[in-house]
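Below are two complexes that have subunit A in common, paired first with subunit B and then with subunit C.
Moving on, here comes the complex of A and B:
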């Protein structure tokens, strides 16, 4: 009886393999959220098929469009990797936005003032400063949690606002572009600007971001550190009894995820705005949380998720222009998506 | 005489695992029936089927001569079946009376007047069966023994005629156990049928009218205690002769003791604890001025009933709980402020009391679990690379040496049975270079075969010169293993006996708080805290 049962196992039952099941539930959630997005388009008086056509066209229609999509994917990917690692260890850093701005500020200051003529050195110094600042901003959260057990969700969230206000103050006062009346921060030394690929108009930071994917995958799966992170995430008590210092791990995870957010901030500054600019992030630090969860805290998954979100957002802008639809519809899709994903997860677990 | 319960040919599968392979069980009114078997023999599964938690895949059940098909415990309760689970299912913040009506459809949960009626009925029930519990007390304020009485009362309150108790004596003091069974006897005398699940052979022989032994989902036999000895029962349970029984009887010293004795006389203590004081999770003082020392090749047993500070002692000694005062010294080095990692480096090991919470990580494989505490060091690779091959080889070796029953090293640790989980924890801990081992409740919930194995391993480690602190609530374990024995009561140590002066009755009494001829220092500690 059990044999025939296995042979005629109905297709609608979730597959046995956990990996396959997780993949299928992600895919199902993607499709469902696209359907809901279509319904939203209908409600807004549009035509779903042509709207999605416009979205795809907006993301992939030309080399430039692809480039814009990639530029958007870079910060999401970099921050998503760091957050995925931290979330694996149940360190819920939701402060990537603030860490990004601190990284942009420090990296920007170096790129504006450091008198180095040699481009690679200047860029390297700027990136280093940005990562250090992001890590330090995350490190505050780490110290509070490791030393006094303060909940990192609250501190990292609130430090976002502090960081954004510091950044805003700087571009308004001490670092305002000379002679500019509004919120324009100073431009960086042109030598510090990242080289840009022809046609695609993508800064070279994209290579750095892609190179981080296998590195993160290796760190998560093949190193003692990655194993300790998983231990901490699965069972912090047992990890501690096996000699894993949760304080050190929390610190390390906050420093790494903060440093990567800082890196994203520097790359935005050196490769996109080329000045200190409040517009370098449209809440990317928060979107990166979605990216990390969507990618199931897995390096390859984060890569796919970052591209998916970038396609939606950059294509969506084009769509809202050509189809005359509100951009909010596009912004709604990832939100709907996460809800479906959670439902699918529940169902898949049975 | 009509049977109160007849189960026949009951089959229950969980996926590929056959938990029950056609089990018959008959209960008579007025009898106390013991269900005996190793872990995983299917005792609890069988009772959960009777209680409507699981529906059987095949077989028939009749209660009071009527065939039944329970869909849920609600149906079972309605038919007069009550169950007291091993882990109590009470809401700690509610009163005893409120817990009674919880889950009853249309129950008068929040109405004061009707709750008063519930309390009155409970008092009557409690008086009648001698189950002294205050109906208005909140459950969190009650001791384990009292909570168990609440569970029994709840079953009686719902008019249970068939009462199932899963491991009722696992967490009780010997005196509490001695009080429990007469009450069950009184219940049975009124015509109720009582089933209790247990590992304790003594309880079975002393109190059961009939005994059913299960092994691997099958019934081995049903017999009367008068027709069988502890050795017979143990053999039926495990299907082979168990040397353990000799040890349980408290007679045979384990091998190598003479050597260990000589070794220990000359040596300086490995572990020294001085004036240790710590708070529990609720902020109350859990350890009060605890001092002891353990020599190399010595097992110091800390006996005591659960809830007297044992988890806090385990944690404070291993560095998982910061003490408020006092020192822990390992080989002359003060490690009071050291993290567990540092203590492990100095040769300390822990077999934690809660093996699933602290001993292993369910989501990781057996192989990974066996290497958890030595990642990043040769031969398991470096900080930059895990050597998966070395981890797998190490696992294969330990699985063999410690006879861990697994489908392979990649099996998830969370799917291991209690005995195998403990073998895994022991394998990992004992395969390190140890100076001192803290073993907390190392055989709790294990079957005889596994208990024997654990004891042998501990004895072997002791004979190799490891200083062992054995924290145990199991008097048999203390009597068989201890070279020296202290008793823990309300956070303090109240006695210190050498093996020669160890007396079962005295230890049992001290565990229950009857302070007696311990040394003056220890006796003074007993009076200190509350």
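Moving on, here comes the complex of A and C:
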């Protein structure tokens, strides 16, 4: 950090409180976004206070509501962790949506056709296939960037469309549910369905997602790999001079973030839809970008951010029904959010 | 399915003329993005600017019943988002890639909200199309005439605008400043060219062009708006800049490759017979994205990245060396 940057730091913030500042700016952006959400509610002819009340009730009002919120948090958390790691190393993977669908497709195919009667083995095989497919789809982007320097943002984004079209073709033709008149993919083998917790109605994938949080934190903070990621993020040139292979790191980060998106896709298939279903993601791969950024690219932060966004969207769904408001209000907030976050963040840095 | 309906002698002219028409929204955005990138800013918000331009132009054309006002509204919202991108990337100097993604997410959220709030639960609203104008004499040229000179007025304006902006970049003093701040901002600064001002202007132009692209898509071709109607055209525009080696005229040419694949997939969908079709329409639908990816990668692999502006993506702060 240069002298001039240190000199322009606001005096009211002691230099030690980087984390505090980051937290405060996140909080500031959250509050501002909630105000904007309230304005959108007003525009739509609703009443902000009762709308937010309905939202909280919709996310926490009953064990089932909490469960629905958690079910939504699972893919956001898993993908958010992978993206946070990749973004830390300045690998801007915006292809999680496509990687999720490739994971759902491969994992789903295994869960439909693999003749294994032993549930844990079938589930494990399906999850493995999904992660591998997500990683492979992300790996295409990784190779293009690592080998030829092709901008990963554009390639990963364009591959989203391709992945979704491949998935659409599969559920329309070869993997269509027999006799189904519309775009309905085949059901998975009932043995492959993830066990569901009573009352909450949450599939057990939620434990896997939560377990990934300390794992990601450990990877980032305590391993040589995490060290290299942080070095690349801080100063790519210096990292290369210190012997970090940026090609290998780009590849690794695309494989990991792609694999995690694939995992999210499989869990949606085995735990939520229990069939090949285009509806398993409502743009979660993009929402996960917001989650990663809001969570400051930090594992614990991503956990909080995933739950926050899940409360917003899951509760928002309930709110839109009880208050008669367009659900799109909830979809509008994350975008508003990121912009506030960038500004708040920059101002906090001074 | 009858392929003669797409490639037959009579149908081919229709296919090619809709190819050039469908190239225009992307072409406008891509030429605008070329200016922005030549100024050293990697603007990944093009998709959001195009989408917002599409909605704004649709709403104005729908309520005010004026195509001209609609197009202006599209440009205006694009310029507005260009200003937001400039504020974040130039004034605040935050990471450009993230800023661009943020603008796309913002635009997707706000347009979905606005459209659903106004038309949610109603029948798909449409606006009237605009009539084609035959250019005297030129439209009688066999083959070329019906493809290029029997288009609507927005098409002609788009072509003129794209070429004008291309010339602005390559042939004017302002264009020289743009290229200077993109290649070496410190040197440009030393030569008394304001880096911040030049980059701001470039982003206003780029935003306006993307917004106009959205307007042309809606007013000139689709005559309707739906959620995420831009369908990645903004991202394709960014890819085309790479494919066109940051040369605005090559970029414009690349847009026609995309336009052809886009027109082709729309024709295939139209004649294939919907979800019962045995034709893998999805392969054709994926074609614009796949072809764009391939040509972009090929351009990078074979031609290297030497055409890329030297300071692309790097924020500039006066007095702080990079």
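In the analysis below, the second predicted complex is superposed on the first by the 334 of 350 C-alpha atoms of A that agree within 3 Å, B and C clash if a C-alpha of one lies under 4 Å from a C-alpha of the other, contacts with A are read in each partner's own complex, and residues count from 1 in each chain.
Here, a residue touches a chain if its C-beta (ideal position, glycine included) is under 8 Å from a C-beta of that chain, and two chains touch if they have at least 3 such contacts.
The model shown is predicted, which means the values in this text are computed figures rather than measured ones.
On the A-aligned overlay, A:39 touches which partner chain: subunit B = first, subunit C = second, or both, or neither?
A:39 contacts neither subunit B nor subunit C.
Contact-wise, after the overlay, does A:239 reach subunit B, subunit C, both or neither (first, second, both, neither)?
It touches subunit B, and subunit C stays clear.
Please work out whether A:49 is in contact with subunit B alone, subunit C alone, both, or neither, and reply first, second, both or neither.
neither
Applying the document's definition of touch, where does A:31 land relative to subunit B and subunit C: first, second, both, or neither?
Neither partner.
With both complexes superposed on chain A, which partner does A:338 reach: first (subunit B), second (subunit C), both or neither?
In the superposed model, A:338 contacts subunit C only, not subunit B.
In the superposed arrangement, does subunit B or subunit C reach more residues of subunit A?
Of the two chains, more subunit A residues are contacted by C.
So in the superposed three-chain picture, is A:211 touching just subunit B, just subunit C, both, or none of them (first/second/both/neither)?
Neither: A:211 stays clear of subunit B and subunit C.
Using the superposition on chain A described above, determine whether A:92 touches subunit B (first), subunit C (second), both, or neither.
Second partner only, subunit C.
With the two complexes superposed on chain A, say which partner A:231 touches: subunit B (first), subunit C (second), both, or neither.
Only subunit B; A:231 stays clear of subunit C.
Shared contact residues on subunit A, subunit B side and subunit C side combined as an intersection?
2
Write out the stretch or stretches of subunit A touching subunit C in their complex.
2, 4-5, 40, 43-44, 92, 94, 144, 148-151, 153-155, 157-159, 161-162, 165-166, 168-169, 172-173, 182-183, 283, 286, 289-290, 293, 326-329, 331-336, 338-339, 341-343, 345-346
Which subunit B residues qualify as touching subunit A in the complex?
16, 318, 320, 339-341, 344-345, 350, 352, 357-364, 368, 372-373, 375-376, 381, 383-386
Would you pull the subunit A residues touching subunit B in the complex into a rising list?
The touching residues are 2, 222-228, 230-231, 234-235, 237-245.
Quick check on the complex: what are the subunit C residues that touch subunit A?
Against subunit A, the touching part of subunit C is residues 44, 84, 88, 92-94, 97-110, 112-113, 115-117, 120, 231-232, 235-236, 238-239, 242, 275, 278, 280, 282-283, 285-286, 289-290, 292-293, 296-297, 300-301, 305, 319-320.
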